[in-house]
Structures are given as C-alpha cells and as structure tokens.
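Only one structure is covered here, and it is reproduced in the block below.
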Amino acid sequence: MERFSANKRNAWMGWTLLLLAIFVGTPALVFGAAAYEGKVLTIVVGYKPGGGYDRYARLAAKYLPKHLPGNPAVVVQNMPGANSIISANHLYGVAKPDGLTIGTFNNGLATAQLTKVAGVQYDLTKFAWIGSLASDAVILTIRSDLPYKTVDDMRKAKEIVIGTTGPGSSTHDFPSILKEFVGFNFKLVPGYSSSADVMLAIERKEVDGRAGSYDSIKPFIDRGLVRPLIRSRTASPGIETLPVDEDLAKDAKGKAIMVVASASTKIYRPYVAPPGTPADVIKLLRDAFAAMAKDKEFLAEAKKTKLSIDFTPAEESLKVVREVLNQPPEMAQEIGKYIKFGE
Amino acid sequence: MNRVLSLRFLFALAVALVGAYALYASLEWPFRTALFPRLIGIPLLALSLLEMLLSLVSAEKEREGHAVDFEMTTDVAPPLARRRTLAILSWIVGFLAFILVFGFPIAVPLFVFLYLKLVGKEGWVLTLSLTLVSWLTMEGLFNRLLHLPFPEGWIFALWS
Amino acid sequence: MFESFVEGLFVVLQWQPFLIMLMGIALGFWVGLLPGLGGSTTLALMLPFIYKMTPVEAFAFLLGMHSVVSTTGDITSVLFGVPGEGTTAATILDGHAMAKKGEAGRALGAALMSSLVGALVGAFALALAIPVVRPLVLTFGAPELFMLAVVGIAFISSLSGQGGRALLRGFLAGLVGLVFAMVGQDPQAGVQRFTFGQLYLWGGLDLVPVLVGLFAIPEIVDLAVRGTSIAGELPQGNLGKGAWEGVKDTFRHFWLTIRCSLVGTFIGIMPGLGGGVAQWIAYGHAVQAARDLKEREGFGKGDVRGVLGPGAANNSKEGGALIPTIAFGVPGSSAMAILLGAFFLQGITPGPDMLDKHLTLTFSMVWTMVIANVVTVAVSFFFLNQLAKLTLVRGAVLIPFILFLAFIGSYTSNNHLGDLVVFLACGSLGYVMIRCGWPRAPLVLGFVLGKIAENNFYISTIRYGSSWLLRPVVLILVLLTLAVIVYPLIRMRNRDATPEKAA
C-alpha cells in the first residue's frame, strides 16, 4: 500500500511537471558564462524515440542536470534518418557550438566516413568529443539444438544458415567477414526486417544462427534458444572466454579488417558537441558525463532498464575513431567491400 | 485534342514515365536489387500505356470506371470550383512557404490568422482566439513538451 | 486454461493497476486523437514514469494507452479525413464520407462500437488460440509471408472498382504503391534505390506523411471547393442522435464485424506484417460483402460497412500483436519493445512459459486491452454527438486547423522537412487520383506490403531454393491469389450477361 501511494505521488508529480513544462519551459539563451544556470541543454538523437540510442539519451537527460553547474534542463530531440548521418551532419554544420547542443549517433559513422559514403559531410575527428556511455560486444550465436559447440565444430559443418537484416548491420557484416577470412561455410540470408525477426526465424528453424549485439541476444541465450560461439574484441561480462574473431583470421588482411570492424564497438553510445565548442564548456560536459557514469543512482536505473554502462572518456573515444580513419586508401577500399554502412 | 490533354491521359502518361524510369534506373543495379523494380516496372509501364490508350480512344461507359473511393463534389459550378481549387492549393503551398521562411512556431499561428481573416472573413474575437489556440498547441505541446527539432526559418538565418 | 482466463480478469480489476490504466487511457485518448502525437514518441516520454511503476502497473499503463490509440484515432479520421494514427487511415474512406452526408454521429458510433467488438473478439479468439498459437506462428515462415503479401495486394486491387477499366486502375494503383515501397536502401546488396541522393530517403518513404497527404489533401480541397461545412447544407435533424444508430449498425452487420475482427487478429499474430495491413484487408473484406455491383459502388461514398470493417480489425489486431512479444520475446514495435523491458524488470523472460506457467499474466494483458476499450467507448459516447457537431462548423474555420494537423502530423514522423515534401507530393497524387477515378486503397496496400513481399521472397529463395513453392500453405495461398484475381472477371461476365440485374 505504502509503495503504491509513493508511486501515485510520483506519477502525479510527473503530470504536474509535464504541465509546468508546457507553460513555463525556459527558452534557450545564448551561452555566455561557463555556468548552465537557467539554460536548456539539448541532446540530439539520430534515431526515432524508443530505440537504444534514444533510451540512453533519455536516461542521460535525467541525470546530467545533477552534474552540470547551474543544473540546466536537459531535453532530448529526435532527428532520425539515414542511419543517423542526418543528425551527425546537423551537429557538424548547423548546430551552434555554444555548449547547449550535444548529440549521439551511430557508432559506425567512422566506417561511413572512411569508405566515403555519399552524403557524409562531417569529419568525426573535428567534433568536440565528450565520450561514450557504453561499449558493445558483437557475438555470433547458433541454435542450441545444433551440434556445433566449438569453433572447430563449425569449421567442419557443411553449411550453416545465418539470418541477417542486410548489409550495413553487424548482423550481416560480422558473419560475412568470418565467412571470408576464417573460412566458415556460412550461407547468409539477408532481408529480415529487424534483428527480432531473425530471432523468430531461428525459432522456426528457418535459419541456424545470427550475429549481433550481445545485449540484445542475451535473453535468448539465457532461455537456452541459442549459444554464443565467437565474439569481437570488445568483451562483456559473461562472454570474456569466447574465442575472438581476430585470433581466427587466416591472414593479416582479414585480421586488419576485423580490427576496424569492431573498433567502433568500444564507443557504442558516442556523445559529441559541435566542432568549435569552447574548451571550458567542453570540460564541464566531459566532467559531467564522467561523474554521471559513476553516479550510483544512475547506474542502478541503467541496470534496471537493461542499459549496460561502460564509459569511455573523450581522448580514448577519439583514439578509436582515428584508428579507424587512419587506414591507408587501399585498405579503406578493401574494408568497403565487407563493411557497408546503411540503414 | 481535348482527350489528349485530359487529366486522365496526362496522369496515365506520368505513371508510365515513372514505370519507365524505374526500369531505366534498374539497369545499373545488381540482379537482386533490380529484380523487383523490374517485376513491378514492366506491368506498370504496360498497363499505364493501356490506360493512356483507353483514355484516348473510348469515351467511358456511364457505369464503368467508378472507383471504390470518394468523388469530388459536382454541386459547384465548374468555373467557381476551379477558382476555389486553385485558391486552396496556393494556400497549402503557402503554408509550406511560411514554414520554410518563418519556421513552424511562427508559421502556424500566422497561417491560422491569415486564413481566418482573409478567406473566412471571421470576426476579430474568433480569429484572435483561434490563433491563440493554435499558438498554444504549437508552442506548448510540440515545442515545449515534445521538443521537436523545428528548423529555424530562413529570415532568422538572414538576421545573423 | 479457463481458470487463468478468469484470474487474469481479476488481476486487472485490482484498483491500483486499474487507476494507472485509467491514466494510460486518458493519455492514449489524446495521442490517438492528434495526428503528430505518435504512440512511440509518447511512450518514450513516459519511460521515466513507467520504470517507477510496479510491473503490473506498467503493463496496465502501457497496454491501456496502447489499445486506446487506434480507437480514438478513428475519431479524427472520421471527422476530418486526416488519419489520427497511421493505423486508422482506412476508416477515412467511408467514415469521412458519412460525415459529409451529415452522418458523422452514426459513423463515430459505428467506429467505436466495432472497435469494442473487435477488441472483445480479438481477446476471445486469442484465448481460444493459445494452445495452437506457437505452432501457428512457426508455420508462417518467409515463403508463407511472401504469399500472404501477394494475396493482400491482389485482393485489394481487384476489389477496388467495377468494370474492366476500374480493375485496370486498381492494379495500376497497387503497382504504384509497390514502386513507393522500393524507395530506400535495398537489404540484398545495400544499393540505394530511387533516393535521388537524398539522405532522407535512405530508410524509405515513411507511412505517415504518405497517408496524411494521400487522404487529407483531397478532402481539404473538396471542403474548400464546396465552401460549406463538412456536413454541407444538409438537414441537421439526425446529426445529434446518430451515435446510437451506429451502434445498431454494428449489430445489423454483426457477422461482418466478427469476420473482420478475426481477420485482424490473424494479421496481428503474423509477425512482421505491421500495424497498417489489417485495416485495409478488413476494408477489402467489407467491400467484398456487397451483394451486388451497385452496392459495391456505394463504398467510399459512405457505406457504414466500410467503417465497421477497419474499425473492428484495428482493435482486434492488438491482442494478436501481443503474441510475438510474449510467446517468443520478439517485439514487433517500439511500444512492444518497451513492454518487453517491463517483463525483464519483473524477472520474467518472455517465451513459451508465457503460454503456460504465466498464462494468467498473459490473459491479464488481454483483459487490460478489452477493459481499456470498454472504458474508452463508454466515455466517448458522452461526447460523440457533440463531436459530430464539429462537422457543422464553417469549412473556412476548420481548414486552417486541419491543415495544421496534417502538416505537423507529417513532420513529426521524422522531424525532417522531407516529410513535408512527401506529404505535399502524395497530396497532389491523391488529388489527381481522385479526379481520374483511381482508387487509393490498393496504392496504400502495395506500399505497406511491397517490402514484406520482396524481403520474404529473397529469404525464401536463398534459404529453400525453389522448393518453397511446394509448401502446402504456399500452395493454398497461390490458389487463393488466383481465385481473387479471376473471381471479379467472372462476375463481370455474369453482369454483362444479365445487364438489367446490375442496373
């Protein structure tokens, strides 16, 4: 009973706040001093509401005010399209570098820049980086009722059917690189409308396995539907001991491509400010993100809502980006063959 | 001559062009990318050419060709109908122009005000109160509560 | 089984979840009513509150809100001809036409009552289907989904008119819709198709601006041309008491309503078909119910059956749509993904257990949907006749607001100016189609089913070679497609043989 009244009170407070927000929300002013007092900080998200990028941003919007001087209001704006290239271009060329706009976009945008995808206007190295809130392990899983328990079992297999959502997603690129550079007999079946759809195809035995983000496959591993077999270099608790794709590569070229493909998984939820944002403001933002990532309440809520947190500071994030972008042109071309960037 | 310029003929022609373009564009695509656009483009081109031909040669039978869909009113005299159609279409395009020039938050109340005053010839009280309602919805709901990213109007870009 | 069914009801009727559900309903009411306020946007905004609730409350809130949206979305569709939600566009065809005949109250009554029947039938059908629901979903693999899409497109194209010429235009419209579906990056080779170098088009055309343009603009133009209110200068006698008439209509065509509800449930259960499909198939079925050609011609011009069909299917599909989420842990939409999160919070991993160990919880979710609809319909009935009077407001006063809703409704789907361009382009297309006597329904269905058809075709051929063509369900669906195409031709010949009967 007590619990309910607390909930109810919260709910009512929420409603009141919403109404208040409608009528007295403060307009964003031009940023002058270093403090955020009375300002509104906007987080631009490159995807529609409800997805992973959006949920991280909304969680951050809730806890950031606490860690910024002057406790500004933080709001989330969704700017979907072209797998977040639209939002990245906006942050790069349109948004004012006044510290009142920051943004988050696809972690694979570095690959898009490297392979010179049409429409890319941004240069990732020129953004004022804040850091990344999470990392992500990409894994390959196979249906548990199949006899493949190790990498060697898989090598011997005549054919393993992997369902994917199409070139440009880790569900496709990860197994396609493994097929090419490790030599598995994979048959890739692209065209599923979402990774959830691939999961259903596994359930009806239309396909034998799928690759993708560990976070999203974990419930199905726990339920015993699939078993994980290979991971990319970024590990997550629980799958540290899985074989890593780079160690399986037949040659140096394959290994190099795998490195580039998985580099950006270290910065799974990147946050940047527009290029030219003043250094003192950037410092405030970086400190706030770092402090938030250690905030116990923040971590507890993240855990409850199944958003894993693994903070990577700005310097390190930028290093990851440079590692991807500093490939020689001929290598870039090779990579473009196996890693597509797209919706 | 009249039939050649009839809307039906021109529309079928436009659809045929879409079909032809789809086929043309699919020429440089890999097989799997191109298969469906071709499977759709060929019948689209063929059927729309047929429709074009039919709207040229035969007057429609009285009871043929009624779509399961609504039909525009025929109660208004054609010249007046044409004038009104043109007027409303320019208002619609004008709304888009307002949005581009002034940005959503200003364009919406401005449009509501102008339309009520100029087309509706409504009184000041009604006009102003409805303009206020539109502004409150726009500003309160979509701007303040939902934080939609509304692009700034062009005139504000000139400003700075 | 039956016990869980009853127990599930009592879980919902506890007063705390019930209150929270009412809040969800209140919110969903507005979300459905306003184009531009989408379900997923609102859910994302509500997330912080949802995570504070207990799981049962969260379910009640989410489902309460979710199941009301398509009910109240119908209201906007009927009154203004602007789809309140992407899933309520089919109601416009006859619902708004009725409003123009001065029967807005009746149309609203029919839309709401059929929604309620749909929700109830959906729930009961689901309850009965639970033992077979897993095998049912698993039977429908990529080959079957491909054929379902083909049947759908053939079905609606062939129903969209009478006479050879109308049939021709029906198929043409369907093909144009399929071209629309091809826009964007293709998932086979990652090539951009028909994107003209626009980043905006990478992900394909968005359903909402296409629908809003296609349906709202012709109506706005028509309203302006007539220069009257929506209901015109008709005698206003029956406007104020029409809602009850609509309720009676629902029972007058009771079997049709039930059949459309079942169609909706079935499509809802099919993973990956999406929310937009059910209402159009149901609309097609309603048209098919016309006894003769003259009756059929009345569709699109205010036949109440054209409201009942999509109204019912719209709501019955929601119960079915729960199945992939709860029985397989595979969310079908972002609303369902958020729902899935609520499961994890409770420590339940959705899966086969939901149809077995946690059956009571599953049923409580179904009941929530039913009760939410009962509450909404009951409350709405107090307003319906008042709402219907909006159709008497001078057109010049309504037009700027309808345009505002149409513009903002389109813009919010991607928050991009490209949405407005698509909206206007589809608006012009819709206008020209009406002027030329091309039906719009096949275009919409071609558009929503095109991608499904293409993707599942490739999955089928890559996975099974050509052997998928021989799967039993596929063969049945092939026969059905042929029947759907040949049947109207036979009817046409019969009509020619006995012309006096059709006249």
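Letters A, B and C name the chains as they come in the text, with residue numbers starting at 1 for each one.
Quick note on the criterion: a contact is a pair of C-beta atoms (placed from the backbone, for glycine too) under 8 Å apart; a residue touches a chain by one contact, two chains touch by 3 or more.
Just so we're clear, the structure is a prediction, and the values are computed from it rather than from any experiment.
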(request) Weigh A-C against A-B on C-beta contact pairs and write down the one with more. (result) A-C
(message) Report the chain whose CA-based centre is farthest from the CA-based centre of chain B.
(response) A
(request) Go ahead and note the Å separation of the Cα centroids belonging to chain B and chain C. (result) 23
(request) Would you mind pulling out the distance in Å between where the CA atoms of chain A average out and where those of chain C do? (result) 33
(message) Distance between chain A and chain B based on Cα centroids, please, to the nearest Å.
(response) 38
(request) Spell out, as numbers or ranges, the residues of chain A touching 2 or more other chains. (result) 77-79
(request) Please list all residues of chain C that touch 2 or more other chains. (result) 41, 45, 186, 188-189, 415, 454, 458
(request) Would you mind listing the residues of chain B that make contact with two or more other chains? (result) 141, 145, 148-149
(request) Give every residue of chain A touching chain C within the complex, in rising order. (result) 3-4, 7-8, 10-11, 14, 48-51, 54-55, 58, 62, 77-83, 85-86, 89, 118-119, 161, 163, 165-168, 187, 189-193, 196-197, 199-201, 203-204, 206-207, 219-220, 222-223, 225, 301, 304-306, 340, 342-343
(request) Show which residues of chain B lie in contact with chain C when the two form their complex. (result) 7-8, 11-12, 15, 18-19, 22, 25, 29-30, 32-33, 36-37, 40-41, 43-44, 47-48, 50-51, 54, 60-61, 63-73, 75-76, 81, 84-85, 87-89, 91-93, 95-96, 99-100, 104, 108, 111-112, 115-116, 119-122, 126, 130, 134, 137-138, 141-142, 145-146, 148-149, 151
(message) So in the complex, the part of chain C that touches chain B is made up of which residues?
(response) 34, 36-37, 41, 45, 93, 96-97, 159-166, 168-172, 175-176, 178-179, 182, 186, 188-189, 191, 193-194, 217-222, 224-227, 287, 296-297, 299-301, 394, 396-397, 399-401, 403-404, 407-408, 411-412, 415, 417, 420, 424, 427, 432-441, 450, 453-454, 457-458, 502-503
(request) Give every residue of chain B touching chain A within the complex, in rising order. (result) 140-141, 144-145, 147-149
(message) Under the stated contact criterion, what part of chain C meets chain A in this complex?
(response) 16, 19-20, 23, 40-41, 43-45, 47-49, 51-54, 57, 137-139, 141-142, 184-190, 197, 199-200, 202-204, 271-272, 324, 328-332, 334-335, 337-338, 341, 344-345, 349-351, 414-416, 418, 451-452, 454-456, 458-459, 462-463
